[in-house]
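Next come two complexes built around subunit A: one with subunit B, the other with subunit C.
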Partner chain A sequence: MKDILTINNLSILLRKNQSQIVKNISFNLEAGKILGIIGESGSGKTLTCKAIMRLLNEKKFTIKGSIRFKGDDLLKMKEGQINNILGKDISMIMQNPMTAFDPMMKIGTQIVETIRAHTRLSKKEAYFMGMKELKKMNLKGVSEIMNSYPHTLSGGMLQRIMISIALMLRPSVIIADEATTALDVKTQSIILDEFNKIRESGIGLIVVSHDFGVIAKVADNVIVMKDGSIIESSSVYEIFENPQKKYTKELLNSRLLIREMRHA
Partner chain B sequence: MLKVKKLYKQYIKKDRKGKKTIINAVDSVSFNLEENKSYSLVGESGSGKSTLARLITYIEKPTKGKIEINDEDLSKMSKKILRMKRADFQMVMQDGQSSLDPRIKIYDSIAEPLRNFKKLHKNEEKSRVEELMKKVELPLELLDRRPYELSGGQQKRVCIARAISVDPKFIVFDEAVSGLDVTVRKKVLDLLLKLRKELKSSYLFITHDIDVAMYMSNNISIMKSGRIVEEIQDVKSFNDFKHAYSKMLIKSLPPKKPCREFRRKDVNKQIL
Partner chain C sequence: MTRYIRNKFIGLIIVLIGVTILSFIFSNISSVDPAEAFARRTILNPTTEQVENLREEMGFNLPVHIQYLNWLRNCIKGDLGISLLTKNPVIYDISKKLPATLSIVSLAFLWIIAITLPVSILSALSKDNFFDHIMRMITIIGISIPNFWLGFLMLVVFAIAIPIFDVVAYGDFKGLILPSLTLAIPIASSSIRLLRATILSNMNKDFVIYARARGISRNNIICKHILKNSMPPMVTVFCQNIGYMIAGSAIVENVFSWPGIGRHLVDAIIARDLPTINACVLVIAIIFVLLNLFADVLNCAINPKILQETGGF
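Now for the complex of A and B:
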């Protein structure tokens, strides 16, 4: 299969003290595949995703290495060129749904603006497209949701809206950072089925998750991050059945909470 | 300790044309939470769990219904008494980042409840804050940073440290461990279990993760569309879940191991 995203020797440093947060990592994403990223809290997963989306403030971070999207280095692209790609060809579902939305703007308006930034649809067409897409996320009362401000919606509702916005423009790469952390297992299962479905259509997904169930259900390949480095990388079957590194084994061992140990 | 009788919370929503719909976010909920006990609440996304949490920690007022703390009616308490009671009733909010003040450093975020409720000397305060950081597995170097300079899981742990700082009698945890890696999650859960035993306090643990719910408590309530549809005491296994919705949740649990079948949309069997 063809790689759509190739990350080579990516490092992220804090300008202030030159401390290295992400350390020389390389990986690639194939079209029609889901790459799972698991790892320690604070190991640099979100910063890596944000670097791909060019969301890191260059006054604060130094970024080294290359991030090639269909051959072109995203890190070398000019503002105009990058704006055409981000949101349309590559989109990201953020870890914190509450802070990812504009608090002063209704959901419907945010959706319409996103769609219209990359298509020629009219406001009305964009509005109805938005409603149609939201319905796929197992959301009820979609017309009221479109007319709501973010703070009046539940955490899981916001997550689903964000997932929907990311999928809406059919990008070729979707990055989902802890996208289903607040969803009940039934709703989560519906969303993950949706991920599997869009994978079939040739889209590449990066799914960052602490939930081994999520990884087991969707990932083809998995990378494990610890302290800014990739410590292990292989197929999802290998990771579960034949983990190589001590830390990966430790993660696998703590994933199931043993009930006898409960002190309730 | 905490009694809730026929609690309601309604929100009014409008669509684009101005047509109003009433949302019964919390719809006639009653329960008793006893001292020195732990409870778990799971339920559908949007079913009113966070709203219920805000009502019982009096962040928001109910539309109807009564909340009693040690047989005292909450709505009849003066502001001053309510403020004092805050020390005993803490809440860890679902959204880590937005519940921390972006302007203040992590150190001050954690010290704030201590300053409000415990009069400590500067040195005592410092050592207490550092001790809390270690308890939630965070490096001390984060104390100088602001919330947006932390990872998602680090923010969550700061919120947990804040809540436990004043040794409250009752803590509501709303998806408090959902962004943590499983090793840290286990350490934090075990810490909370240990603390609860020491302080004889009560927890209400809101989580989408049924494993976590069962690990933290053997009293589990299931919520759907504003109502508690099932309350199970002394849960031993998945077989104790009887309501149709609860059973459906159990059926939708993700696989424990990767397997090809699961990736096909039409197959929905749980393979353990």
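Now for the complex of A and C:
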């Protein structure tokens, strides 16, 4: 399979005390596959995702290694080049849909702004394109949605709008960091179904979660992170049937425990 | 929305009544007798009888609350009385003086906007760099320097040492520059500190990270997202500051010999010209209160969340 994203020896250090938060990790993402990243809180999942999108404050963090996207190293790109890639070739679904949108700007305006940052469409054309794309997400009342401010819509709805924005410009990579954590179980499973559909269209997805249930449902391959290192990496089947590391087993067990508690 | 404005409006009327009552009470606490002061200005060596007659004629012999109610009744009819000092209708004097103050304050307001916006943005962008440190020092000086002292400094430097401007310069646009700058500098300094802090706190918000993740350029993120979200507190502060400038214009008007309403009020206080004092206080309070109302309406217009919380249009 074709790798679209190749991360090599990525390290993230705090400039202040040179402490290493993410330690020399390497992995790759194939087109049409979902890579699950799992690990306890503080293991460096979010920092890794932000590093890939160059969203980390470079005054605060030193980033070493390479992140190759279709052959080019994202870490060596200038701001302008990165801006052309973000939102178009690599897009992101944020954890908290309620705070991700600008509260003072209508959804439609934010969609138009995204489309126009990457195309030569006029405002009107971009608006129609936005409406068309929202309809594909099975959202109802699309023209009202375009005309709404974020705080008037529900979290589930905003998350679907965000997925729709992520897909709008036909990216090759989508990064979803805890994209379902803030949602109720029902909305969560709708979103996970969407992820499966996205995979079928040939896009590579990185799905971050500390919920094994989420990973089990969608991922093809899984990496397990602990204290900034990858301690295990294999297919989802291998991880569940034959975990190699004690830590992975513990994570799996605690997941089972939570499930038992819910059923009790 | 209409309900929101109506509630605000009722609140504002109450504020106006409160302010004028206070003004009445304070004028009456003073030991100088307005009737006597007036008599001494108009008659050489007035007798006690003459003073008493005047007092009765002007209604100063009545209890304060009756005086206030009489004043209020006339006020509603649009009659604010005759100045004891100039013998013109009070409203005529004020209408002659107010434009001078409004012109300094308007120009000062333009300075404030023109200085605050770019400096705050640059300071926030170059946080902890050279420019930010320099601006921090300058703004701290700007906030702490007294207005009259700043005015004197301006005069000494720009009218005497380097005579670009005239010391007494009422009349043309050039004459407006020093007084308006004197009014603007302290307020611009505190506004810069506020706006810089607001911009910085907005920069770390989720919506900025998401905008970057969508590939929106830095300039657009600053202008369209961060600045816009930093405006609601600034609108309130800017409008209040216009009110403070009008109310506090007396000092600057005295330093620059500027015939505005602030100086008019001070003259009236010294002469115990009660009708003028009360009318000036009323006019300033009305302007203040209208500016506050304006700030609220403007905030409603730019901030969709407030509207929802207050019940919508």
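General observations
The criterion applied here is as follows: the second predicted complex is superposed on the first by the 240 of 264 C-alpha atoms of A that agree within 3 Å, B and C clash if a C-alpha of one lies under 4 Å from a C-alpha of the other, contacts with A are read in each partner's own complex, and residues count from 1 in each chain.
Going forward, a contact is a pair of C-beta atoms (placed from the backbone, for glycine too) under 8 Å apart; a residue touches a chain by one contact, two chains touch by 3 or more.
Keep in mind that what you see is a predicted model, and the values were worked out from it rather than measured.
By the document's definition of touching, both partners, subunit B and subunit C, reach A:152. With both structures placed on the common chain, the touch criterion links A:83 to subunit C but leaves subunit B unconnected. Comparing subunit C and subunit B on the residues of subunit A they touch gives the larger count to B.
In the superposed pair of complexes, A:101 makes contact with subunit C only, with no contact to subunit B. Shared-chain residue A:42: touches subunit B; no touch with subunit C.
In the superposed model, A:118 makes contact with subunit C only, not with subunit B. Common to the subunit B and subunit C contact sets on subunit A are residues 96, 99, 152. Only residues 38-42, 45-46, 95-99, 108, 140-141, 143-144, 146-148, 152-157, 159-160, 178, 181-189, 192-193, 196-197, 210-219, 236-237, 240-241, 250-251, 254-257, 259, 261-264 of subunit A touch subunit B when the two sit together in their complex. Residue ranges of subunit A in contact with subunit C, taken from their complex: 53, 55, 79, 83-88, 91-92, 94, 96, 99-105, 113-114, 117-118, 149, 151-152, 165.
Here subunit C touches subunit A in the complex through residues 205-207, 209-218, 220, 224-225, 228-229, 302-305, 308, going by the rule given at the top.
By the touch rule above, subunit B contacts subunit A in their complex via residues 11, 13-16, 21, 23, 38, 42-46, 50, 94-98, 150-154, 157, 175, 178-186, 189, 193-194, 196-197, 208-212, 214-218, 248-249, 252-259, 262-265, 268.
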